[in-house]
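Take this structure, written in structure tokens, and hold onto it; I'll ask about it next.
By letter and in written order, the chains are A, B, C and D; residue numbering begins at 1 in each of them.
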Amino acid sequence: MKTNGYGFWIGSAVVLALACIAAATIKNEYYFFAAYIVVQFVVLATAWNILGGYAGYVNFGTSAFFGVGAYIAVMLIKWMNLPLGLQIVAAACVGGALGFAVGLLTLRLRGIFFSIATVAVTIILETAVINWRFVGGATGVQILRPPVMEPFDSYTKMLFVCAVILAIIAVAIARYIETSWIGRGLRAIRDNEEAAECTGVPTLKLKLAACAISGALMSAAGAPLAMYQSFVEPASAFNLTYSVSALAMPIIGGTSHWIGPVIGALLLGTVQQVVTVTISSELNVLVVGVLLVVFVVGAPQGIVGLFVKLREKIKGKNI
Amino acid sequence: MDLLLDAIVLGLLVGCFYAAVSVGLSVAFGLLDVPHIAHPAFLVLGAYGTYMLNRMGWDPILAGVALMPAFMLLGIAVYRFYYETFERRGSDAGLRGLAFFFGVVFIVEVGLVMVFGVDQRLVEAPYIGKSLAVGDMRLPLRLLVAFAMALVLTIGLSLYLSKTFTGRAIKAVAQDETALRLMGANPVRIKQWAFGIATAVTGLAGALLIIVGPVEPTIDRVYIGRTFCVVVLAGLGSMSGTLVAGIILGISESIVLTLLGASWAPAVSFGLLLVMLGIRPQGLFGR
Amino acid sequence: MKSIRLFAAWLSAALLMAAATAQAQGTSGQPIKIGIGIAQTGALSGGGKAALVALQLWVDDVNAKGGLLNRKVELISYDDQSSPAVTPGIYTKLLDIDKVDLLIAPYATVPTAPLMPLVKQRNLLLMGNFSFQVNHTVKHDMWFNNAPWNDASSWSDGFFSTGGRLGATTVAFLAADQEFAQNLANGARELSKKLGLKTVYEQNYPPSTVDFSAMIRAIRAAKPDLVFVASYPNDSAAIVRAVNEIGVGPSVKLFGGGMVGLQFTPIMESLGSMMNGIVNYNTYVPGMDYPGIKNYFERYSKRAIAAKVDPLGYYITPFNYAIGQMIEQAVTATKSLDHKVLAAYLRKNEMKTIVGPIRYGPDGEWASPRVITTQFRGIGDKNVDQFKLPGKQVILSPASVKTGEIVAPFEKARK
Amino acid sequence: MTEWSFDVQTMTEPLLKITSVTKRFGGFTALDGVNLAVAQGERFGLIGPNGSGKTTLINCISGALRNEGGSIQFSGEEVSKLPAYQRTRRGIARSFQIPRPFTSMTVLENLLVPLEFVAHRNSLLRPDTRAEAMEILQSISLADKAGTPSNQLSQVELRKMELARAMAARPRLLISDEAMAGLSGNEIDEVLGILFKLNETGITIIMIEHIMQAVMRFSQRVVCLDAGKIICEGTPTTIVANADVQRAYLGA
């Protein structure tokens, strides 16, 4: 049953191995640049879903956490040139603390207030970074990449493998939460918070934990941006696009199962990458909007829900 | 001291403008509980409608008023659709409703870019570009017009909600839907009407948006935070609260700008919102 | 069963990433491909769209003449969405999949910056496109930026030298808290320090500012001689209006400097007479005569109107066309597509373009900057065609293209 | 199993002791100095007209609302400052007037929530909570619906599931908030039967009910609340005869 995790871990190991093999054999860097973005969205969508999908608290501030991650990395590079791994860990810690703090302030309230509060946090943090000259302020900051570490032959490939590892960690965490008592508690909160509390679920604690974990993963996903772009600037690091995508991907994929955000991110992320190099017009902004509306209206359980329905249909015919 | 007084007066004017662009949301979100994140996009839609009529020689305010019936219909259609697809199905209306309206935001933005291009648009009117001299102070006429319209809108809406039968029904539907149903009224129809009114008001507020400053298709994003800030600060669904909250936001931005520096203004006003959520989540005038 | 399904899910995920590697493409005998990622959506799309029209115009011109090295020229462009996160992917696609022969950088600084490590690492020639000091940290020797400025002060030099001649002693700064405006303002602050001006007012305002009345009022109260404004298009229009309503007071000799947007036709048209007297930076205004430029604008206008972009396009588009011309000149002269050879040629020779002759300095920026400082004069309302006339924007500096003298103070110039 | 075995000491004193509890909403006083004691193992009825404060009172007991004045002691411990989930863990369970199922879950999963968060929250080894949930469902003959999504249940099934969910939290005090509203005669009997059975296992039950017959049949002792105050207390027969109660129910 659900507790059987072998398939998942074998799958994860295979994905990681494939990523490494790809990095070793494929010369063409484009695929890594493009795939990095897609995998980064897997992390963001999975992180968003922990609070948004399981507990039903909509975070509009993915970009705040993401941007904080990127700027923590910038700070550490400028300050003492810490390596990428430590940047990610530090970003995760700060993101987690931020999630905890925002949660503490607003998670006691109805869900929509939390959403509005995350919008406010995004604006406040962006303003703070704009006013912080050490990390470049409004003009942004350019970063020189350190030489690439063995055994990689290009920095992008290293970032890609790094993102894949991060994605596996994120999905593993989400999967653990989903299948354990924590996930059940979060779902109870989403379905009916008062009833959850009265059946012994420590709602505030669980929400805080989910918010902190989700924030930590989002910030971790933002940390490698500094190296990926080798240039960070507040308007793009705190861009609303990240918030919208992180929300759209799980909804399109399906919020009830951990695979939903992964499918959503791989699908929407890949579509975005493909559209970027095929249709060069407003239409690529429209893709997200239209897909969002179509799925929300036509397939509320996302792609995962469609699959489940399909399976039930087939089963029904067999009987 | 002069500058401070000036800051307060201008903050008051801009604050009323903030209230005017938020009243529609105050009805849609505050009273009807619809997570109408596309409200600012509708605002921009109104601004572009005004721009079009203005090019044909219409006065922007008149154009805004002329847009109201069309926006009313748009609002009714949007609410009907929202109700059929989300509210009626029950669970998770919040999350999916939000996602839906987010989709609408993108569709409106892209639609505007395709029709009007990405450039900024302005309108022309006798009261734009002139100012009223009061002592040493000069008050831009366009802000005074916006100020007056904001008062008319909020007070009108507030009177409508408290004095007319339908208005009271709208307020009742916000408080106790089942009770209203028992009384023989159809809450869906009332909500639909209310959302229509909210959208019509938003259309007119869109005219104010383009009177006060230039508009481009994605300017709605700036107003997502601001309008929700005003509505929450006010206390959901309170019209007079919306006016006061708008003024508080306007004046605090203006004072911060004068005393601390403009670059911190957004952080201060949204910090205000966070603090408010932390200590008095029902808002200033909340139930 | 479950594990197999999970495995299958993961596998398909992995395959998606690695898919499509099999695609390969031949090159020889093909058209010369020039790749660019340029904003068609997002904040920079106004400029980006117009720039693309100009570049396409150049491609068509070249092909009408028989192409380059007897090969047709093909422009491959993608939308960078005004985002630095998108450009690295686009340019590696251009290089590794589309196998383009030459690269032109995206419009503006932000999307260009992430490309610098890439082109440096791969030793590629990159023709810059209105960016600012992106080569500052990377120091790539095959970077040639086509923008009439080099360092930060080159933008505001004309403004402050004019101010100095008018005997200014105090200055007020008003700048948007965004990338380009802050770069402009930084240069201006340096120059003002050099001139020994006293800063009496300084304000960085956030991008979402709705109304500028309070700031203009504060400036008026500070009674500066010069008011340097570094603003973005939306703000520029709002600031000009607020100035018109409130006035900046009789003390102000010069107002303007770095207002982005007062070069764009739709904004100029809608502001009309409100702009009179403002002294602002620009890149090109009618009256600057270079071989071929008149003919260029005639043809550009037709296409721009069809494409719903800036119908006059003075600010950006001739420079984009000029990028094409430089490529044309270098390729024709060296008969080569080798990036090193082309770069060497570009570094050594004077380029002849519709925006005049260009020479490059060692850092890949224009050796001698030519940002012009102009004053709006005699502008009427609701008239696009007036901006085609010389003399509506009088060039105050640099001396080589000067067309008139400053009218000061500001209030007087407005009449 | 130790958790709900009876404490000998508390047998003598009341399980729930409410002393001058007050609750205001703005200017409206919903509860005005309510005193109440419920003994261990008692079947206790709470009645009163609409808006008399019944639901407010049990919200204060279960922790959904915080009382402003007075104290609520459960099994000798002051609980009025504790969050709701802590009270549930101490043995106060409730059903809701309008059923609140966890709609995304099946009936069985609904029961797993209290089992995991209350009964086995400290177990390191995972006991078979599903088997335990099935047992509870069987005991109220809802086992055949175990796999049904809870949003597809009928009204009576929902009521029963709410009770089952409350039982899964292994309560010592079960508050049943109008669990029989909208049910038919047979269904009422069925639910009453479940409550009687529960009471026999030693669980104290507070029943809030509009259906007078049911309360009177079930309760050993009844309290009538009106306008936030207790107006009368006694056995079912004395309550029915009480003039104040009649006035509260029938009068203006």
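By definition in this document, contacts are C-beta pairs under 8 Å (C-beta built on N, C-alpha and C of every residue); 3 or more make two chains touch, one makes a residue touch a chain.
These numbers come from a predicted model, not from an experiment.
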Subject >> chain D and chain B - chains in contact with each >> reply: A
Subject >> Central chain (by mean CA position) >> reply: A
Subject >> Between the pairs B-C and A-C, the one where more C-beta pairs touch >> reply: A-C
Subject >> Most widely separated chain from chain D, with each centre as the mean of CA atoms >> reply: C
Original post:
If you average the Cα atoms of chain A and of chain C to get two centres, how far apart are those centres in Å?
Top reply: 34
Original post:
Taking each chain's centre as the mean of its CA atoms, how far is chain C from chain D in angstrom?
Top reply: 71
Original post:
Once you find the CA centre of chain A and the CA centre of chain D, what distance in Å lies between them?
Top reply: 42
Original post:
Got the chain B residues that touch at least 2 other chains?
Top reply: 91, 113, 263, 266
**OP:** For chain A, jot down the residues that touch at least 2 other chains.
**Re:** 127, 130-131, 190-191, 282, 285
Original post:
Out of chain C, which residues touch more than one other chain, so two or more?
Top reply: 41, 43, 177, 204, 206-207
Original post:
Quick one: in the complex, what on chain A touches chain D?
Top reply: 181, 184-185, 187-188, 190-192, 194-204, 256
Subject >> Of all residues in chain D, those that touch chain A in their complex >> reply: 62-64, 83-86, 88-89, 93-94, 96, 100-105, 109, 112-114, 116-118, 121, 165-166, 168-169
Original post:
In the complex formed with chain A, which residues of chain C make contact?
Top reply: 2-7, 9-11, 13-14, 16-18, 20-21, 40-41, 43, 77-79, 81, 83-86, 88-90, 92-93, 95-97, 110, 113-114, 116-117, 134, 136-138, 176-179, 181-183, 186, 204, 206-207
Subject >> Residues of chain A touching chain C in the complex >> reply: 1-2, 4, 6-8, 10-12, 14-15, 18-19, 22, 26, 28-31, 33-35, 37-39, 127, 130-131, 137-140, 142-145, 155-156, 225, 228-231, 233, 235-236, 239, 241, 259, 262-263, 266, 270, 273, 276-277, 279-282, 284-285
Subject >> Of all residues in chain B, those that touch chain A in their complex >> reply: 29, 35, 85, 89, 91-92, 94-96, 98-100, 102-107, 109-110, 113-114, 221, 224-225, 228-229, 232, 263-264, 266-267, 270-271, 273-274, 277-278, 281
